[in-house]
Amino acid sequence: MKKILVLVLSLMLAMLALAGCGGGGDSGSGGGDTVKIGVFEPASGDNGAGGKQETLGIEYANKMTPTVTIGDKEYNVELVKVDNESDNSKAVTAAQNLVSQNVSIVLGSYGSGVSIAAADVFADAGMPAIGVTCTNPQVTADCEQYFRICFLDPFQGTVLANYASDSGCKKAYCLSKLGDDYSVGLVNYFVEAFKANGGEVVEEQFPDKNSDFTSYVANAKNKGCDVFFAPVSTEAAALIIDQAEAQDLGMPILAGDTWDSNVITEAAKGKSVDITVTTFYQEGGNPEFDEGIKAWMEEDSTAMTNNGGNTDLAAVTAMGYDAYYVALEAMKAAGSTDPADILAALPSLKVSGLVCGDVSFNETGDANKTEAFVKKCNTETGAWEFVKTQSAE
Amino acid sequence: MDNREVVLRLSDITMQFGGVVAVDNLNLVVHKNEIVGLIGPNGAGKTTAFNCITGVYEPTNGSVEINGKVVIENHPQGKMKDAYKGRNAGKYTKAITMLPDKVTKLGVARTFQNIRLFKGMTVMENVMVAMHMNQTESVFGATFRSKKARAEEAAMRAEAEELLRKVDLYENRNDLATSLPYGKQRHLEIARALATHPSILLLDEPAAGMNPQESDDLMKFIGRIRDEFDLSILMIEHHMQVIMGICEHIYVLNYGGQIADGTAAEIQANPAVIEAYLGGDE
Amino acid sequence: METTLNKKTKSALSVAAIALFLVFVYFGDIMISPGSSWKMLITVIEKGSIYALVAASMNLLNGFTGLFSLGQAGFMLIGAYTYAIFTIPAASHEAVYQYFDGGAIQWSIVETLEGSLGVFGHYLGMLIPMLGAGLLVAVIAFLIGIPVLRLKSDYLAIATLGFAEILRAFFQWNTLGPVTNGSNVLRKYTTYGNAIFPVLISGLCIAVILLLINSTYGRAFRAIRDDEIAAEAMGISLFKHKEISFVISSFFAGISGALLAMFQTTINATPFNTVMTYEILLIVVIGGIGSITGSIIGAFLFTAASEWWLRGLDAGRWLGISGSFMRPGFRKVVFAVLIMLIVLFYSRGIMGDKEFSWEKFISGLKNLPANLKAWPSRRKAKAAARRSVRAANAAAKNRAREAKASNEARIASGEALFTPLEVSDTVVVFDKEGK
Amino acid sequence: MLHTWLPYILAGIAVGGQYALIAIGYTMVYGILRLINFAHGDVFMWSGLIMVYLITVLPLWVSVILVIIFAIVLGTTIEKVAYRPLRSAPRMSIMISAIGVSYLLQNFALYITGGLTKTYPEIGFLQKTVKIGSATTKMVTVITPVLTIVLVFLLVMLIKHTKIGMAMRAVSRDFETSSLMGIDINRVITVTFVIGCALAAIGSVLYFSNYTGINPMSGAMPGLKAFVAAVFGGIGSVPGAVVGAFVIGICENLIKGAGWTTFSDAFTFVLLIVILMVKPTGLFGEKNIDKV
């Protein structure tokens, strides 16, 4: 019994000590010369891989530009990273954790669900947040504090549907993941647009933790579809590609921005599959950035590991890089590190010179983007090849 | 012969596990206020017979009658139809089963060979649990301590205290049941069974592990509770002096079969019993 | 130094402590600015109190009735969804059910009652769907219980786990989209304003669980836990009491699900998986199986450790230690190792099967310095005692076995007929099963 | 008709064979220890993960052997550290310990891999595409059922005709008595874990050659399904587990083929609950009578 008491008391002390440490940090940042940017990204869970690549872009940008001049004072920029575990129930406490560390602005997340879940925390705290690649419209729809620099699912879904129709496809097989708002949402918009174009669709969903895609590929073949639309996470993507090859799918695979990743090119290399994606960034579009970040990854083994073991760029990395600069510009425009001032400065912010195109926000806080890049995987070289830019019209 | 009221009657009770006949056509009668013994070498099927009476097992064939009413009856069914090795297969046609708690509610309480007290509870709680089945208040009322629930709880407590006084455990009422010395645990198990207000008490080796002095006390104790609680008792026991000392009628089982029954003197003189215990020529 | 207190003093102390805690939570939530790290304490208290409720409900089942059920996350899921579906404001339906034309249910209980009853209606409007969530879960648990509760321990565990998984798939089913929103999150439903809300509701519910455990029904549950066969022989209907415990436990799991929905502000069926059930189970184990106080302490410690204190392990800097091995995921490894250590070496958990008592708390405080000093030597003494008990047990077991064998031999040889047998009083002391 | 269903049946047979190899570990451990070894699925996942790392430096056959050894070492270590000390503790504690080990293995894998899905190395002949009738599939689909049946046959022979097999049967029948009869219980349990883990490792090679992504949660679902298969076939029975695994594998794929993809995992649990209701001892299980 007494042992218990000792345990409880010592834990209480530990709690106090920890809280104390955190508190000490606060006062340091308030009057000193450091500004904190919160990085709200998954480092584990379903979207761990994507989250890490996005974080990579932010880290590289931070390395390139570690200071920012606000007003006439130079601040060091410190990144405060927190893992939201790709899990809506963990996202709330993770977001709260960021807020309580006195960050000035938050970037992220990869995956819309966690961003939607965290939106209320940011709203309550008056914390400005910039979504990097969360494409679900709900992220910004009812949250004054949430902005984003990427295009939206209704746009992307329409673009993909138009591309499919333009390539002569009549019947599409659409696969999404149960309980994943990103894939379900994108499929929904795709279906809407594709049907409007006069196409036919077969919709199916696969459960959590599924790794057997044999039957889904077989279903697509049996139902006589001529395009396989699967805007799912890269984890599932690699498995789908593998099965497509094994069963000789015989139709093009179409996907959204998540697939613009080296995970896909790795998986597809040497296989007879036809993969086309829409994305935010065209590799080679900004040679200076490309070379710089690749050189950095060569040097930094952790960065290389986080990128999946090679230096091929993912679009989300480029987007993460841009997001960092948008955050810096916002702080400069606000002339302050106070979240409230930054929030006020964001709606009218215009940032140019970014690697994925200029950024400005509309009234809901979404970026004004009208075009997406269409890329195709070259399965011989294992690299993406630019096809065209496509708009929603 | 005996015109006392019959409280328990087993008719042709047979229990077969797979190919093994554990109890073979046991016919047994317990009259009101009688103390009946059930003896036999290890593995003779005594405890199995208890389990058939209390609903723990479903007998393969035969019936159990409690206070003049057939409450358990079975006949070989399904796979057992062909595998059945006992006799009287066609005699019973009904299949009446009864869960142990229902049997207890009919007034049959039991103790266990290897003491099964509730380990996490005090002596008092062990006894009070046995009174729970007579509670009429719902969970809701009991949880929110309605007037009725409080009255029932108080009554239970009073009764439990009285019962514990009678079995000399009052002093230990707040001790953990498992902290009692072995002999007292046996007493507590009997007290717990008594708390269910039984008319028949089944005792499974109550004197196991007791020295002669203790078993002597137990013998007196059993006689006393029979009178005090107006009980009929059926007991399994290896201690021959206990059995011979208090049982008015004794049944002897061997290899599941019933080889003899009668008074203590008759049993001691029965050649089949002596053979069963000493081993025959085969 | 034993301390004795009378009943009045104890109640007064409890009331004072609870009131103090509530005041702290209420004003804490209002006064602490979001940017302060103390805000995290409030968040932990919110989530901790919700987990405390679900852990207590699981403890009622696992610790007090001896039913190893792993369906808790599934029941929380139903509770969370039921609450959310009926409190989404009419105006938000279009946005929430964006793929299902605004959904099938177009009104919110909160709004309806708020319209006629004002602020009181607002809270009533939150309590009614919460209670409804609990009741619905209770009904579903009742139905699931009919087949499942006849199963023995581990089969029961795996069957309840299976039901939870089926429920999850069901709630994500597109065909039910107009009600459950399919795979998409539910959001915009009414949530509480101050952290005191979940603390109060959880506290009340836990109080009810405690009352139940200490009623005659609670005693019957514990009897079933200790020995099913003996309990049945005492006239306790196993099925009826298991159902009662299962249904009540599920009811509270449903309530905590509703609270969790409010805490999270958005819900989605995916996280209500087996991992969540395991986490709740581990809270129960850390706190002590069979102790409600333990579950409460366990819930707060678990939440604080996983969401707050150990976060630094992921970020590469924790309590002044830093290193490259501290990368994302390290926190969870450390956490899992801690849990294994508790399971293996401290399996009774923090509280064992004891509840909190002021007497022990006060005498503990008084004796604390002395105990701290004496700890190492006492631990040694304890270890030695344990060793000797083990040796004694083994020896006694041997003796018992020999006595049994010799008795059997004597019975077989007929020597024992009509003469008392030699008896070893250690025969029955050992019971393998434990509780 | 067959033309449309063939791919599903083939996939079902393949995945069924892989589940079977995992299920044997569950059923044998349960038969002897009455413990659902929740960590078994994670041993399977770790075998796959280790292969990913080994193949980068070692030739294929060495890696496969090392993976099997690794799985055996991991499994027996888990038994020694986490289960043996609790053997006389209540059943719930040992099950909680199993859940704890599973949690630890998953989280450790998460730490090592950084949460990223690892791609399983290509084992040339296993991943070759073959055509069977109208269906195209991987070679591993064809090899799995054959290999599974051969291994199961060997295992059944071992259990029936060797001394250790006899000891295993005795222990699973009556733990206490066997130990009194002089059977070295610890040795029997260790051998059980060795066999179970070795088969899980072989299963992992086949499974991951077919579904080439490994992440920390990869073992959870196959593990649960394999356990359901073991229950379906009658826990403790090796042929039962194999039959159960094939039934689950095939049904699951047919259900997906029929368009009920949302419920493909839920189906496994429905099957579990149905079998527990109708015949709790499974297809080939024996009835246990509690001693009073």
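Note that the chains take the letters A, B, C and D in the order they are written out, and that residue 1 is the start of every chain.
Please note the rule applied: a residue touches a chain if its C-beta (ideal position, glycine included) is under 8 Å from a C-beta of that chain, and two chains touch if they have at least 3 such contacts.
Just so we're clear, the structure is a prediction, and the values are computed from it rather than from any experiment.
Placing every chain at the mean of its C-alpha atoms, the farthest one from subunit A is found to be B.
Chain pairs A-C and C-D differ in how many C-beta pairs they share in contact, with the greater number at A-C.
Averaging C-alpha coordinates per chain places the centre of subunit A 71 Å away from that of subunit B. Once the centre of each chain is set as its mean CA position, subunit A and subunit D turn out to be 36 Å apart. Work out the mean CA point of subunit C and of subunit D, and you get 31 Å between them.
The residues of subunit D that reach two or more other chains are 110, 114-115, 220, 262, 265-266, 292, listed in rising order.
Among the residues of subunit C, those in touch with two or more other chains are 169, 172, 174, 229, 327-329, 332, 435.
Among all residues of subunit B, those that touch two or more other chains are 56, 112. Those residues of subunit C lying in contact with subunit A across their complex are 34-41, 43-44, 47, 92, 95, 98-99, 169, 172, 174, 182-185, 187-188, 191, 260, 263-271, 273, 276, 297, 301, 304, 307-309, 311, 314-315, 319, 324, 327-329, 332, 350-351, 354, 360-361, 364-365, 367-368, 371-372, 375. On subunit A, the positions that touch subunit C within their shared complex are 1-9, 11, 14-15, 18-19, 21-23, 25-26, 43-44, 80-83, 87-90, 92-94, 96-97, 99-102, 113, 116-117, 119-121, 124-127, 137-138, 141-142, 176-181, 184-185, 188, 203, 205, 207-208, 302. The residues of subunit B lying in touch with subunit C in their complex are 41-42, 54, 56, 99-102, 104-105, 109-110, 112, 114-121, 125, 128-130, 132-135, 137, 139, 142-145, 149, 152-153, 156, 182, 192-193, 195-196, 208-212, 215, 238-241, 244, 268, 274, 277-279. Every residue of subunit D that touches subunit A in the complex is listed here, in rising order: 4, 7-8, 11, 15, 110, 114-117, 119, 127, 129, 135-138, 210-213, 215, 217-218, 220-221, 252-253, 256-257, 259, 261-262, 264-266. Note for the complex: subunit A touches subunit D at residues 42-45, 48-49, 52, 178, 204-216, 218-219, 221-222, 234-236, 238-239, 242, 245-248, 263, 266-267, 305-306, 308.
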